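Shared chain: subunit A. Partners: subunit B in the first complex, subunit C in the second.
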Partner chain A sequence: MKRLLQSDFMQDFFNSPSAMISFLALFSVIFVALFAPWLVDQNPFDPLQLDLMDSQLPPVWMADGDSRYVLGTDEQGRGVLAALFYGARLSLLVGLASVALSLVLGVGVGLIAGYFRGWADQLITRLADLQLTIPGLLVALMLAGVIKTQLPVEMAETVMIYVVILAIGLSDWPKYARVTRAAVMIESQEDYVLAARAMGASPWLILRRHVLPNIMRSNIVIATVGLGVAIMLEATLSFLGAGVPTTTPSLGTLIRSGANFLFAGEWWVVVFPGCMLILTVFSINILGDWLRDALNPKLD
Partner chain B sequence: MSHKFVARLVQSVVVLLATGLVAFAIFSLAPDPVDNLAGEYATIEDRAALRATLGYDRPFIVQYGEYIIKFVQGDLGKSLRTNELVADLIAERAPATLELVFVSTVITLGLGVWLGIFTGVNRRSKRTQLILSTSLLGVSIPTFLMGLLGIYYFSVQFGWLPASGRKVVETSLWDSSLISLDGWRSIIMPALTLSLFNVGLFIRLVRADVLEIRTMDYIKFARARGFSEQRINHHHVLPNAVMPVITVAALNIGVMIAFSLITEAVFQWPGMGLMFLQAIGFSDFPIMSAYFFLVATIFVVLNLLADTLLSIVDPRLRRGES
Partner chain C sequence: MLVIKDLTVAFDSRRGRLTAVRKVNLDLQRGEILGVVGESGAGKSTVGAAVMGLLESGGSVQGGQIMFDGDNLLDKTPDQMRAVRGRRIGMIFQDPMTALNPVKTIASQLTETIEHALDLNAKAARIEALAWLNKMDIPNAEERMDHYPHEFSGGQRQRIVIALALCGEPDLVIADEPTTALDVSVQAQILQLIKKLVADTNIGIIIITHNMGVIAELTDRVAIMRHGELVEEGLTQQVLLHPQTPYAQMLVASVPHGDRRLTRLQVPDENGIIQAPITYTKPDQVDNPAHKALFKLDKLNVIYRPGGGVFSKGTAVHALQDASFTIAKGQALGLVGESGSGKSTCARGIIGLTPISSGHVEFDGHELSSMSERQRRPVRADMQMIFQDPYSSLNKRMKILDIIAEPIRFYGIAKDRSEVEGRVESLLQRVGLPADALKRYPHQFSGGQRQRIAVARTLASKPKMIICDEPTSALDVSVQAHVLNLIKDLQDEYDLTLLFISHDLPVVRQMCDQIAVLKDGKIVEMGDAEAIFEAPQHPYTQHLIDLMPHMAGRH
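Moving on, here comes the complex of A and B:
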């Protein structure tokens, strides 16, 4: 712990106010997401706790505001504050899961392509090209549209969240694969890898113990930026009605339902989740920028 | 050049055939037309005969080939919902999307290149810091949210611009919203919304280029010869910085066509993206597959064009490795 605190990395961190502020902001978002059930009384995902009589209340400081709902309610009687905390939960969950998926997939095939070369490399590079041809947004929308018609309604609603994770995760792996492949091709010519190979270490051991730790820096930077993009993509899909179902609203779903009432001047169902979304993604992007400078990997 | 180009062309065709397979799979999800045509009292033999006359008994690969050939000829099937030709529907909607993407691209290139060069040349100025933080904030705001906030402030609160829809003037070629004041008022907010994300991207791209170029020897020599900073920027930095922008801008048109569906949904802009979203709502598979294949084709063609264009303007790419 002491070593970590005195490392260049942490020194860099404490010297950068923007990195510290955005870390605090992100930490608060994660905190309210994790402890949502203890922070708010209402569970917005439980229909029994919603009261239609309380629908469309403005925030507490406006006329007709209700002290139980600090940031007002949506048209279902969901407290916006409660929905915000629970929605952040879903957004972070989907974001993290899809980034983990593309990270594992991309680094995995990148290692194989860069180390073994040959036909595996050819195949993986072509697949990456193919994947980059189709925007993830389109793939997710198509999948959502197809699944909706091919599965019964309840089942479609429960699998939707996994479909969103899969679609976002699959759309981003080529980035990791490319960087990993290029890095592995350089690293495998280094003396330490040649030495390990001469000692008779298996390719699996060499990749895992020697190559992988040396190529993670670039991947961590890509993953940070990727997390912001994944959270935005999830919100977009949910806003378009192809994401998480309305019974368990994420930030995007909430904004979708709020958008219908925007013309009536009911801004709070759009603006608060919107600010939460921007705060989250903005802090992740600032941290990503700072990480890129701090870790200084050779990104192309 | 020719050898590399042919290899690249073959690769593009393979990619297209693979996406075509996905499109065909979606196209085939439509309910079996034999059920409808044969009627309730058809025997199994009748159905098989009908199936054979319609060509549904042929191997998968033949049917897939036919789908691709028809697509190339412009026959995209009929909408399941309205029974209109999908090709006609797309032709009707395309101008709205293309005009939106065009105006957005002009905004993106103009603002992106200008601010990118400014922040690259004046590295340490206060304004550079401000522009860079704003652009980072810009790429952190999802497009749909920006559109909604725009509608709330500029339409609901101030009432300056229409909140949705497209105002057009009919011409002999297509209905355009670029030749009347009302048209411009209707396109400006969607176009700004669509370009927002890209402006941030372009500023960073151009800035990185400018910073790299300014460390080059030929800039040092130009400075040593006593050229003014302005002349160096205009004659030496700018032409070299614009190069990579060409590729990204070309590729970006494809991305913008695809992502314009978000903006079209927010502003109810009657383009291809909105048509695609509505088709998803009605499970109109022929429209879904046609749009998907069309966007993928645009992507691949632009990619190929950008690569070819770059190897023409940059001799280094023609000979050696990229």
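Moving on, here comes the complex of A and C:
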């Protein structure tokens, strides 16, 4: 632990106020998401805990505010603060899972394309190029939208979250595949890979033990920025109605339902989830930027 | 003309301030060639960059003066320095591949500098540029001056870089490793050219290099640097033949001799005193029937098809043609040639990294070329390879223990964890590294130590034969001597058979019993090493041996 604290990486971190502030912000978001059930009394996903009598209450500092609902309630009597915490939970979960999916998929095919070249490379690269001509949002919207209409309604409630993860994950893999392919092509020419080949090691062993650890650095940096993009994408899908159902709202769903009341004067239902989304994505992006500089191999 | 007084340069990094050059004093007259020599990290390039005012970011001059014709260059503003560079001081860079702008014709690159430096109009500048190219012996200069850099060979490109440095008619030229990226025969031509230019134009040149041969061939005076300090300075002949300081003595002694073979290269021991050279006596193993051929190469051909894709086949390049040789057990064969001669291709073909087009590779009773990968795997343990660049041949994300243990685990040589660790420890000890190296990563070691680690990895599978592909050409000369001696010791100890690939003839002479000379993919001469060095038969071999640098110089 002491060695970690004294490493260049941590020194860099403590010398960068923007990195520290955004880390703190992101840490708080993760904290409230993780411990939501212990931080708020109401579970906004449980209809039994909602009381229509409490609907459309303003935040606590305004007239008619109720101390039980610090940031007010929506039209179903759901506390905005509770919905915010639970929503962040869902947004982060979907973001992380879909980034993991595109990372595994992209790195996997990138390794194959970069190491074996030939027809596999041609196929994978063309496929990636093809998908890159279509905006990621469209790909995800198409996938999520089509699957949602095909699913029976009662199934959509439970399965939709996985569909969204799949849709976002599949929309973002070409980025990782391209970076991985380029890095693998460079690393494969390095003598340590030749040494392993001369030893008689199989391609699988070489890729796993030698190439993969050497190409993950750049992938981790794009994955960090990709996490922000994925969270935004989920919010957009949910806002457009192709995301998670309103019974288990994510930040995007909250903004969608809140937007309907914006002009009725109930601004709190949409503004707070919006701020939460901005805070999360912004701090992830700042951290990603900082990580890219801190992990720059030139500065080793 | 140039007087450097107490120059101190420091670099700021996140690990704090590092003094790269400490109180260095140098001077240079017109018409003189001064060599600045030292091993990596000596600060020699930093001196050159400080004179040019082109220190890398983070670097700053902390003290001293650089007087150039009476002006202190350190007092000049960046604008004034820009006027000095090009017009008064020219620079020749190491790599001719990157020193020229690839998207501009060489004529436009030359005329640009000439117009700026000599205030000539475009037409006059073009005439001047042509004159320079002719002076540099560029064939068909008039036609070819509108070509792009990639259309010239490496040697021609370096001549163009030199023309670029000289066409502004500077008084001083700084050449940072001007021939390091070039083959020996091209290097010899470039050195001759530089010598002639100095005699003709009376300019002063500072040559920064790690190569003692270049110093001996070219310079009038030499300054030896170490750890940012000037160690010794004087007339080249004097310093090379009678070095005064211990470091200079060590540096000079470490240079492999091209004129005679020693049993071991000279290296300093802990006290900095040079061991007495032991003159090599030829063992009579060669004719001993007990040492029969372990390795036999029969008419090996390698044909590449670069640029081939799904839709096109690409044109065939015959990288290796009918290469045949045998190596007796315990012997070392040197495969010699310039870049592009096919010597690395040969090694890769043998070890199976490059597909061979035809021919047979026989090793220890096995016919490797017809074996499947699965059949071949156990045989691979007996034939290992040492690579050229120890910075690239070790996986930087793996601990030394895992790097050396990889072949042991892969071939299943040790039974359990403790046996693996025990073997790795004894290997480390054998190559002269401390046991605590186990838990560290490659970046914590110097180039020479890394090459020792690579040697230990090669030995881990108890091979009978080792292919050494330029094993020391990335190393400093004193480190090279240590590593070569280590390879010799190991060869004797384990009765190893070596295929030693190198472009460096003095090194080959020290290491090899037989040599094969490769030119354009064909073996032009082969035989007993001493016999070939004493009386080469083929004109190309004669030419190569003639170009070997001599420590006494050729003045």
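The rule we apply is simple: the second predicted complex is superposed on the first by the 292 of 300 C-alpha atoms of A that agree within 3 Å, B and C clash if a C-alpha of one lies under 4 Å from a C-alpha of the other, contacts with A are read in each partner's own complex, and residues count from 1 in each chain.
The working rule: contacts are C-beta pairs under 8 Å (C-beta built on N, C-alpha and C of every residue); 3 or more make two chains touch, one makes a residue touch a chain.
These figures come from a predicted structure and were not determined experimentally.
By the touch criterion stated above, A:Q122 is placed in contact with subunit C alone, subunit B being left untouched. When the two structures are aligned on the shared chain, A:L130 is found in touch with subunit B, with no touch to subunit C.
Of the two partner chains placed by superposition, only subunit B is touched by A:M142; subunit C is not. Look at A:F263: by the touch rule set out above, it reaches subunit B but stays clear of subunit C.
Within the superposed three-chain model, A:A198 lies in touch with subunit C and out of touch with subunit B [touch as defined at top]. Touched residues of subunit A, counted separately for subunit B and subunit C, are more numerous for B. After overlaying the two complexes on the shared chain, residue contacts for A:N43 are found with neither subunit B nor subunit C. Judged by the touch definition given at the top, the superposed model places A:L240 against subunit B, while subunit C stays out of reach.
Taken in their complex, subunit A has these residues touching subunit C: 8, 11-12, 119, 122, 190-192, 194-201, 210, 213-214, 299-300.
Contact residues of subunit C toward subunit A in the complex are 14, 310, 348, 351-353, 373, 376-377, 380, 384-385, 387-389, 392-398, 406-407, 410, 443, 454, 457, 461. Subunit A makes touch with subunit B in their complex at residues 126, 129-130, 133-135, 137-138, 141-142, 144-146, 148-150, 228, 232, 235-236, 239-242, 252, 255, 259, 262-263, 265, 267, 270-271, 274, 277-278, 281-282, 284-286, 289. Interface residues of subunit B facing subunit A in the complex, by the touch rule stated above, are 11, 14-15, 18-19, 22, 26, 29, 136-137, 139-145, 148-149, 151-152, 156, 163, 255, 258-259, 261-262, 265-266, 276-277, 279-281, 283, 288, 292, 295-296, 299-300, 303.
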